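The following blocks contain the structures, represented as structure tokens.
One chain, subunit A, links the two complexes that follow: it is found with subunit B in the first and with subunit C in the second.
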Partner chain A sequence: MASASSLAASLNPATPPDTVARAELSEIDASTRWPAIVFLLSALVWLLVGTVFALISSIKLHTPGFLGGYEWLTFGRARTAHLNAVVYGWSTNVAFAVAFWLMARLSRAKLRHAGVLVIAACFWNLGVTLGVIGILAGDSTSIEWLEMPSYVTPLLFVAYALVGAWTVITFRFRQVEHIYVSQLYLLAALFWFPWLYSIAQIMIIFEPARGTVLALVNWWFAHNVLGLWFTPIGLAAAYYFIPKVLGKPIHSYYLSVLGFWSLAIFYNWAGVHHLIGGPVPAWVISAGIAASLMMVIPVVVTAINHHLTMVGSFGALRSSPTLRFVVFGAVNYTVVSLIGSTMAIRSVNEITHFTHFTVAHAHQGMYAFFTMVMFGAVYYILPRLLLKEWPSAALIRTHFWAAAIGVTLYWIDLSIGGWIQGMEMNNANVAFLDVVRHTIPFLLVRSGAGIIMTIGHLAFAVNVVWMLCARRPAGATAPTLFHKPPAMRAASAR
Partner chain B sequence: MEWIFYTFAFLVAAAISGTAVYALYWSSKHGQLRDFERGAASIFDEHEPVGQMTDHFPVKRRKPGTLNPEP
Partner chain C sequence: MNRGPLIFLGIFLALAFSWTGIVLTNQIQYGSLTPYYDQNEGKTFPDKPSGLAERGRAVYQDLGCLYCHSQQVRRPGFGADTERGWGERQSVARDYVYERRVFLGTMRTGPDLRNIGARQPSADWHYLHLYDPQLTSPGSIMAPFRFLFEYRPVAGERSPKALKLPGDYVRQHGLDRPGYELVPTPRAEALVAYLMSLKDTYQFPEARPYVPPRKEGGSK
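Then we have the complex of A and B:
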């Protein structure tokens, strides 16, 4: 039974998967404890760092003189540092933790040689730290979503290779007959991300393609990081946590499989819609627009599944923190994706392109959908790793309402402001400076929304640190140490 | 020189596409696309069965350092 316990045996493709036993959930959670905690805490630190840079760059947009005396905090650097801190620092760290925790649980196999993943976390965070410092120092590559200087790429690549390989190894030793849809999404994302990253590095940084091909590769990469990396991880989490928290199977498993395969076919074509109006062959753009509209299929299928699973159980939103965050994220996935498909239509894109509308859309996708689902996941995972309850329900509620109100205000405000901005830019009778001036009230509201979200992040951080420092209750060794309180019984009975 | 990179890029793209096609074939051959009800229920077990919620807000403890008592 223990023949697969050595590192070499785990890596050897000839080692039969049935050399391990089916594990209990508590054993699986325990096996992921240290790497998951390191990734989650790193993610939390990056969330706070990214928030600071977000506030600085947001304030600079309506008050340009703010911190104007520091060259390393000019708008171009602060905004880029924000993007990289939240995308590669917060989002990818938390995605890694959720991915291997979920994969181990769904495979019913303990995570093997977890120390390797702790090393991967050190490499990844060292890479992102050097990358963000490089951006602030003026070393940015100026390529959207690939701004970190090329000297950090090897560190990130090694870290990613370890996390990807370890998650696939966990899947290989699975002790379940049926592969759950979340595993399909996780496996696909783990294969897609290195493909995107390596091709983009080669064709943009190391051996730059010439002419418009460079822009094509850039938007193929930047859009697919959202669609083929963060979206599958977010959907994998939603497909697990909604039914798991409710104790109710997903509405239609058939639709979930259809949603996965249609996303796999259509999403990777869609990024070209960022170049509508650009000097790119028209057929390439048309193919991108067609794929963007075809994305309605996986989105509607996923929406039907998530939302019909919730029908009849909305009362549970009152009693489960995880469900609140994940359902908020799932609703936003539906809305943001349908808006995204609409934005790819040429006549709409003529208005929204180069405006704050796109910024609103990006934040609705990365925050209102992905980040909220990840918050929900952390609320479920961390107690099971630490065998402790969350210390404060009030801080969880503060976090949820601040994040939900903040990001909703943010995307609605910037969508309206961006639309007006686009209409005015298309009107030759409106002077450009007037267009800029008219955006200022919307930018002020955006900074206000950012401050509300920051309150949520601080509540989250305090709760996590408090939880880490709190003493573990005596006898907390059960798989999920939670006993059912009366409110929860009432909710699950509904 | 750049043709080496483009050849590499093409091979990787072909391999990724091939993997997706193989995954669909594997799923079909191994019954993953049949009996969807069983697939949907595969995240539940005897410890956390269908019908049991598995998450809730923390409630105040009666005594510090002890678990929430069953009502």
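Then we have the complex of A and C:
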């Protein structure tokens, strides 16, 4: 069967190259349709599940009697169910979809045998479902970021390996010479995660190392889940969508490559900063601190590239939902990373370690950066898979403002609360229960911020379901924007 | 130009770098750390946990206690861990050699528990605290673990482990049925045995704080 793009070009020599390219991209999008839809919808379900557990855990921390009689909802389990639902349910599902969709587009190669990825999606979601139920039932391993019981490990590993392999295969079939920086991030992330996961499983669960070596393996893994899995996917998406939506090239290709390789070298040593002051060799902690500070290089380089690409085009933030979410995420990536490097300095860590400051930081990283970029990606990708537009710009607007205001309130509030908590905790003259009491107002505000974010998630979910149910329009459509940009307004007036 | 293999090599080496440094080197450096034999006492330290304490460790694990409680004491002068009485000395790697799961923790919503067995040596205190933290620590935000206890008719004699609740608490919470008692389940007993086993009181040579050598002839 001749492809539509070549057909268009062969029928009419005057077909503009842009039309051919668009047709080709739309065929590539179509090849990812089913697995991408399955991963994205699973991600949405997990986002809602994770949100419910988030609210339960948050309320329990200032009102400990809330649902206090249920063992399966005790704080230690509900909080862990929240983490795993949002990290492996929401974030990883959406990261998978964005990863292979983006890889296929950038490689100009259709995804082959997409059915395999649908099977991978089933395995992954079965694994996460059993894992979260296991945690609630008391099978948690109590190893941070690796809590899901060992019986779901094979399911998760097989699913991941399939997605990783399929994406790399797509890259190998690439039709373009040039390798864009997003592809570097995607390839690296998909290779790194299985390595981290398998080493951590073996050395912690199946053939445990002795003593605090376990803690080192744990934080080598856990911080790298952020640094070598979610961060590269988030950056790959930001590097794609910012120039794509603006229709102009990235500020500096050279800087983007420098940013990638400096991240690859420094980030994977940084995890040890979670053990500052702990019973592990001092040299490895110092190495971790040094790496955390060196992270300033990739962060600043990436910041220059993202933000200077935006300079002169801020007006586009008024109209494009994708751009607004992605740029919000990119700005937060800069801020959260610089705060993270600062937190690794011993004298700062002495205060922030063991406090809500770390919780604030984690949410700024995973939500204000990663999740917001992924929301932006979904707003771009889903219409191209379903061949329908978003039914309601008002719902997108609600989603954006609720998520943005909610998470900003969240991390600023808990950072202040955590800092006070740390200062008081390091002053033995303040009774411990007073330290606890002084955190409660901040925990209450955090619950409020959580409710605001929940409103955003509900708006998102309603919009997705509405879109699924809507009829596919017959002809060409225009994207759903917040406001019509001037050029488009002129076009529709004609 | 096909740079695929070169890129892959770089990606591989990047992670191999930290894997070698953080995981492998430390495994070689102290992955086979042994308990310390004290000739004067004629035994090794740390103490091996009892079977009941090991089962309690599993309860600690499945309830997720580590998300609010750390188990590590930072050195004097770095934080206020020892000033708060959370331990007499800093924790060292050897304290953990018998632990198949190391619960160092990263959060202190509640206090550090590394030496809770030495700080709160009373099982009765632990039972009350677990049943309702407000009984022992008013204002605490710890979750109540009432599901670790059983309200049951007294069979024969009252259990010696039955909770010694204050009289007005019993009346307020309807726990005053005649012939009934509130007793810990086996899981609660194991958990308390585990908590009471947490005490790093032995002074390992490497746990002594570093004292800089005095300069000869220096002023006092």
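Assume the second predicted complex is superposed on the first by the 452 of 494 C-alpha atoms of A that agree within 3 Å, B and C clash if a C-alpha of one lies under 4 Å from a C-alpha of the other, contacts with A are read in each partner's own complex, and residues count from 1 in each chain.
One rule holds for everything that comes next: contacts are C-beta pairs under 8 Å (C-beta built on N, C-alpha and C of every residue); 3 or more make two chains touch, one makes a residue touch a chain.
The structure displayed is predicted, hence computed values, not measured ones.
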item	value
Contacts of A:191 with subunit B and subunit C, given as first, second, both or neither	both
Larger contact residue set on subunit A - subunit B or subunit C	C
First, second, both or neither for A:312, with subunit B first and subunit C second	neither
Partner chain(s) touched by A:441 [first = subunit B, second = subunit C, both, neither]	neither
Contacts of A:216 with subunit B and subunit C, given as first, second, both or neither	second
Touched partner set for A:115, first subunit B, second subunit C, both or neither	neither
Partner chain in contact with A:426 - subunit B first, subunit C second, else both or neither	second
Contacts of A:154 with subunit B and subunit C, given as first, second, both or neither	neither
Which superposed partner A:261 touches (first subunit B, second subunit C, both, neither)	both
Which of subunit B and subunit C A:281 touches, first, second, both or neither	second
Where subunit A meets both subunit C and subunit B, residue numbers	179, 187-188, 191-192, 195, 199, 203, 261, 264
Subunit A residues within the subunit B interface of the complex	24-25, 106, 176, 178-181, 187-188, 191-192, 195, 198-199, 202-203, 206-207, 240, 243-250, 252-254, 257, 261, 264, 316, 319-323, 379-380, 389-393, 396-397, 471, 473-476, 479-488, 491-492
Subunit A-touching residues of subunit C, taken from the complex the two chains share	1, 3-4, 7-8, 10-12, 14-15, 17-19, 21-23, 25-27, 29-33, 60-68, 70, 72, 74-75, 78-80, 83-84, 90-97, 99-111, 133, 137-147
Residues of subunit B touching subunit A in the complex	1-2, 5, 8-9, 12-13, 16, 19-20, 23-24, 27, 32-33, 36-45, 47-59, 61, 65-71
Partner subunit C, residues of subunit A touching it in the complex	60-62, 64-65, 68-71, 74-77, 79-80, 138-144, 171-172, 177, 179, 184, 187-188, 191-192, 195-196, 199, 203, 208-218, 220, 224, 228, 261, 264-265, 268-269, 271-272, 274-275, 277-281, 284, 287-288, 346, 350, 353-356, 358-359, 425-428, 432-433, 436-437, 439-440, 443
